[in-house]
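Going by the order they are written in, the chains are A, B, C and D; count residues from 1 in each one.
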Amino acid sequence: MSAALTIEAGFDGGGTRRQSARAALLASYNTVRGLTEALAAPLSPEDQQLQSMPDASPTKWHRAHVTWFFETFILQPHKPGYCAFDEHFSYLFNSYYEAIGARHPRPERGLISRPTAATVTQYRHYVDVAMTDLLDCADDALLVTLAPLIALGLAHEQQHQELLLTDIKHAFSRHPFAPTYQPPPGFTRHDPPPMEFLDFEGGIAEIGHDGPGQTSGDFAFDNEGPRHRVLLHPFRLATRPVTCGEYLEFMADGGYERPDFWLSDGWAMAQREGWQAPLYWSRDPHRDSWQVFTLLGRRAVDPAEPVCHVSFYEAAAYAAWAGKRLPTEAEWEHAAVSGRAEHTGGFLDRQHPHPRALLDGGDAKLRGYGEVWEWTRSGYEPYPGFKPAAGAIGEYNGKFMVGQIVLRGGSCATPHGHIRPSYRNFFPPAARWQFSGIRLAEDL
Amino acid sequence: MSAALTIEAGFDGGGTRRQSARAALLASYNTVRGLTEALAAPLSPEDQQLQSMPDASPTKWHRAHVTWFFETFILQPHKPGYCAFDEHFSYLFNSYYEAIGARHPRPERGLISRPTAATVTQYRHYVDVAMTDLLDCADDALLVTLAPLIALGLAHEQQHQELLLTDIKHAFSRHPFAPTYQPPPGFTRHDPPPMEFLDFEGGIAEIGHDGPGQTSGDFAFDNEGPRHRVLLHPFRLATRPVTCGEYLEFMADGGYERPDFWLSDGWAMAQREGWQAPLYWSRDPHRDSWQVFTLLGRRAVDPAEPVCHVSFYEAAAYAAWAGKRLPTEAEWEHAAVSGRAEHTGGFLDRQHPHPRALLDGGDAKLRGYGEVWEWTRSGYEPYPGFKPAAGAIGEYNGKFMVGQIVLRGGSCATPHGHIRPSYRNFFPPAARWQFSGIRLAEDL
Amino acid sequence: MSAALTIEAGFDGGGTRRQSARAALLASYNTVRGLTEALAAPLSPEDQQLQSMPDASPTKWHRAHVTWFFETFILQPHKPGYCAFDEHFSYLFNSYYEAIGARHPRPERGLISRPTAATVTQYRHYVDVAMTDLLDCADDALLVTLAPLIALGLAHEQQHQELLLTDIKHAFSRHPFAPTYQPPPGFTRHDPPPMEFLDFEGGIAEIGHDGPGQTSGDFAFDNEGPRHRVLLHPFRLATRPVTCGEYLEFMADGGYERPDFWLSDGWAMAQREGWQAPLYWSRDPHRDSWQVFTLLGRRAVDPAEPVCHVSFYEAAAYAAWAGKRLPTEAEWEHAAVSGRAEHTGGFLDRQHPHPRALLDGGDAKLRGYGEVWEWTRSGYEPYPGFKPAAGAIGEYNGKFMVGQIVLRGGSCATPHGHIRPSYRNFFPPAARWQFSGIRLAEDL
Amino acid sequence: MSAALTIEAGFDGGGTRRQSARAALLASYNTVRGLTEALAAPLSPEDQQLQSMPDASPTKWHRAHVTWFFETFILQPHKPGYCAFDEHFSYLFNSYYEAIGARHPRPERGLISRPTAATVTQYRHYVDVAMTDLLDCADDALLVTLAPLIALGLAHEQQHQELLLTDIKHAFSRHPFAPTYQPPPGFTRHDPPPMEFLDFEGGIAEIGHDGPGQTSGDFAFDNEGPRHRVLLHPFRLATRPVTCGEYLEFMADGGYERPDFWLSDGWAMAQREGWQAPLYWSRDPHRDSWQVFTLLGRRAVDPAEPVCHVSFYEAAAYAAWAGKRLPTEAEWEHAAVSGRAEHTGGFLDRQHPHPRALLDGGDAKLRGYGEVWEWTRSGYEPYPGFKPAAGAIGEYNGKFMVGQIVLRGGSCATPHGHIRPSYRNFFPPAARWQFSGIRLAEDL
């Protein structure tokens, strides 16, 4: 389990436990902050400046924005005498918090050459020093106040770590000569295990996070709660995500030419954008086959890998073609905690930010979490009883609850320990630049 | 109860009942078809040619398209020797059925000057004669086959009757001098009853239509089923829709200036489009007040009327401002059949296609159905176990199940008897040109 | 010579000549006004409602706008007690006169269903009666004032007659089934005469109109003057316009695939719009050949006809391919009055609004005027000493003198007698919906 | 006179002169190439990555593109065994030469993070070494061949030096906090001399460059010739450009609110874009006055400076307001060589890339060249007898000869010695990001 999920231990104990809690907080902080810099390390100042579409942000912006979050929500309210590194940064690096004031328009983040990447490095260091100092000097009461805010700040930074990778991948894909983020490793192919379906009886189940939400130690985002009862109809869920090989069969069977598989909006989008394959796939000009652009370079599509960079529309069309459907998010969560799911492997490996083919695990269990996010059939809506937190912090999740689809499961770009079974990721149905794939379901 | 809902009676009885079933079918057919022509009667050939936005269609197109539906799905497969009125019409008047073949692009319907409105009248007559003839000569087996198809065709035509009104209203609103569809009636103001909230305990409930769907006699659209159990959390529902007067308070309190009430997509849309009030409202240039454009002309906003022509975004912002929320569609349907709802009044009055102020009904009951469609908090998704019908007919509903919000309740432009409590209307969250309003809910 | 050009005769003579001048004015008025209605006669109210692009206007609008011109600039200032037909029309039917006040946005003319075409007919009749009455009762002084204004009004209406045809042609071309304006006549092919080049020595020449401009009897538009001296370098001009057959050779030689023939803006436009042939040309789906949409229906391209509906960009590319160039407007005008040009044939024939193939005329003369407008190599700029007239009338021409290219010569949609050798037509270089063709030139 | 204009001296002399010619060529090369690097020196790698609109390019791209020009047109054809620095660069750094092959889309130049600015520095050095080596070893015949190509390459690089400055100025202006290119110098105000008008009699004059064009030593671009006779009508020309103070009077008199001063396209553009002042002007939020963004920071508008960053549309509107007009390019060139023009001062000063206020020169002469480019009333068209050069080099100028307006005179960003009186600069009429101003003319 990750550092980020354990920081909350022990604030009710004695002095020793208190010190170890303080130390654990600091360790979590340093681990997460250090990973951001490690992820940016292979990128030049020019790379860090790139913004290739309005939905994506420059690396430099991600690095500064997550830092601004600590400065704005922790250092300024809680560290007496704290002086902002640069008063302009609040305008430049606020993402969408209307309550904090004016902010720079998102599609123009790529026009901010100043501060430079080097200055952002100094900014991060400046804030890290102040945070360390704040934690060192905090008394117990303050630690209890800070712990959940730091947990939120670190969870937030982890989200941006994933975006940092998906955004630079998109930017590099627009370069005509396929730059690499990491040199590719050696590569051995093997066959994936067969896709099987596990049965679930349904009935009344509980889903959602039962903790006190983002202001508590047992961290979860506010959108994951309240924990509540749902009524599930009997269903079956596939033991693993759909592979590229299976997706190639869909394509070969006219998947992108036959409107009867598609939702109407999806078909219109596919026609308008000329979709013929997942994002980052291209025809090999020399052979009758498909290549895929990855952060490790461009290479042949591996049929054994989970397919990714598909939109919800493509996922739903694939499911219709396969005679199945996508799971609801309640089905997904219920299955994930059923004891029939195996949560080994997966998640971010900096040396290999790309989904890996599954090995055959022997018995029939739900596997493959942490390789690709899995589109569900559920729109992103508030759970019964959901209320956003008051103030700027409350803008975190609730205001996005329309026009988006829930994804579950985590990807090869998701930092270890960032997520839980109750975690609700969400993107618009046309989004393809995340590591998003497909797990099939059907009625029992 | 409307003719359209009773056509199915009696196909298992003896000869007399058979004749009366045949007569009932024909009567329903004539009633619905006649209403379309009555709705178009105040409109000149030039009016019928107008298309003021890609989402709307010319009156002439609506009149021809619903006729093409009977020609394509009933006369051509079931009437031996039937000869199409004009073979070009299949291309011109197919709306979105991919299975039927190529079709004219929707945004260019306003460029089709030929056939003229007069020719469309002939087309309608030609099809009506053939339909009457088909029904007259059909044996029992054929009648059993035809009845559900006719029910679908008539329900379909009723949907387009509502669109005919909302589309011509939008077109007229673009004319600088506010043309009228009907001369305005005399107008007496009165105060609406107070808004109260009724409590519902929740628990396991059943919603959805239990009939065999659109191929059966007890007509419902396929998207209304299957009937299924849902788990409802305790909730409260307002006795009537929000009025213009209440909405003016929201506006006066900065409703359109304060992002904290809004969903993020809604705020962005409101800023981009410069929304300051519901669609069709404008400031009176001579007084400090608001006017509204209606099919009966432009006049002062009546505070007692239900507010309408608001988007889902505005409905949700209003609810947030009011400290309430929108109901889910399951809550809405459960309440509508609870015995605490009064379904009198409302729906289409050709002489007055505009929502009317509610009269005080005395006791606390759910009222106001049939004045404005009510936005719910539910995305338009398939019910558990839903499967679209095979073939072109199956394109009716399922393929739109993403990116849309469910509305319930019916409006002043909805033909009598067209809908049921299980009826699911749906539009994108930014749509404003329907007669769409707001009913509040909250957790109990 | 047309009626419009002779109205000015005789205002300095005695009573008889005065009466004949009055009669001539009225005859011109009736002739031109009648032609507009004759041109609109084949069009239904729905046809007259069409606006297929922002640059084009509905037939009904043209009919009303030219009438508004007489009402605004002649009847209202000069007819005591004249009461406007409808006070709204000034807003609806002002084209671009900023000095007259607000006006309806051009791209939304197609949304004006009211007034109907029938009401516009009444409007025209109302104004015609008032104009006839004004002319009947005018004394000599008033006649002298009115004559040039009427000349301008009629010249203006003639311009809109051409636009009426080119605009409805564009609208019909957007209909999937190629409606016709007139039934096609019988059709006999013949070969065009060979293209020869006539030499002109150049030197100091005079061009432009020497009359007192648009406020005088010898009518010309203000942009045609002042008459002035120009220095011409020796040049040669083709005896006839380029034919479709010759243009097909350009296409077959990769004319639309080779950027070296094209101006940079033209190449970008051709790529963006996917131009492969002149506007209205389409591939015959059944044979390996080209069809052309005309006001007389769709038929095979006739190689002998002058090519038309090409943009300036295409004309310039063709000339580059042919190793020639386009003439300047000074060269064109100098040649047209040189005595080596034959001005027979051509111009509007209501029964055949399409360019006709040239017959061989025997000797080498400049021929083909009045079939297609001829793109020149000259931007539309003010002549030396040009000053726009004061007031709204002055908005006629001068304010368009940037971003446009001069065309000379007149087309099969230009009314007889509307133009002179000094006439300067102008359109943006990408415009294709006029009857615009190509005459080649080269340095001597 | 600049180095670039003297490189051609002496190829017909003996050995010594030959050596000095070789040395002069090399000196010119080093001077021009060095200036580019000096101009880029204040810019970080991130600054050099910026592209703020499709018309502008990143600094890094300019630095690489001008280098690619030498590699492609000189080193590859003329240096045996030359090996390209990176074969990808031909795709990345070709600007618009269709004959050279595919190229990277212009609006996406800002997405090319690789090569980095540092790699571009290496590229420039690599090419400089090869060019020096080529010149050192060239025999006389090769020198004669190379000299005009080098002259073209250097003139080309000088054009991009101006664009480098105008493009980074535009990019910086999009940053919310007004970064500076250079720290601002001290600033002393003084009054400009009065505007007077000098008379010119007109008649037959010669304009254009008489040299053998771009393949000769006496360098000029191909579009400047052939030298030819023109007929000038008598005219007057202002002694200096319009100042900001005079332009403020135009603004105060409703210049941006009154359509009667404007060309129609200009008025539409000004309305659409919301123009209220020249580009880079903004209202001082604290005082009722105007500020201007410059490469030296943001400061108050100086009324004595020449106004700049106005479009042709604004220049023409100003002239109409002033009761004058803009000069034709023939008038301008004739006056510039008349002996009544003073060509001192002006042009690029790296420490002060902004127009300076004119000092009073005493007698009435044409002054102010080299502060702002001066919009003429002439469309950019080929001179009589103009023929583009064959091959890729011929794409330099001719293919842009439509839709553009000629500017004359040079600006504070134009390198010394880059231009001549026959120099024809050109931009579309809406362009504002060049240092473009206004000199008035009128008929005599």
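The working rule: a residue touches a chain if its C-beta (ideal position, glycine included) is under 8 Å from a C-beta of that chain, and two chains touch if they have at least 3 such contacts.
What you see is a predicted model; the values in this text were computed from it and never measured.
Enquirer: In the chain contact graph, what is the shortest path length, in steps, from subunit B to subunit C?
Expert: The least step count works out to 1.
Enquirer: Rounded to the nearest whole Å, what is the centre-to-centre distance of subunit A and subunit B, using the mean of the C-alpha atoms as each centre?
Expert: Roughly 39 Å, centre to centre.
Enquirer: Please tell me the distance, in whole Å, between the geometric centres of subunit A and subunit D computed from their C-alpha atoms.
Expert: Roughly 48 Å, centre to centre.
Enquirer: Taking each chain's centre as the mean position of its Cα atoms, how many Å separate subunit A from subunit C?
Expert: 62
Enquirer: When you check subunit C against every other chain, which residues touch at least two of them?
Expert: none
Enquirer: Report the complete set of touching chain pairs.
Expert: Applying the touch criterion to every chain pair yields A-B, A-D, B-C, C-D.
Enquirer: Residues of subunit C touching subunit D in their complex?
Expert: 96, 98-99, 204, 228-231, 233, 259-260, 262-267, 312-313, 316, 377-379, 381-382, 384-385, 399-403, 405, 429, 443
Enquirer: Residue numbers of subunit B touching subunit C in their complex, please.
Expert: 44-50, 52, 60, 88, 91-92, 104, 108, 110-114, 116-117, 171, 174-177, 179
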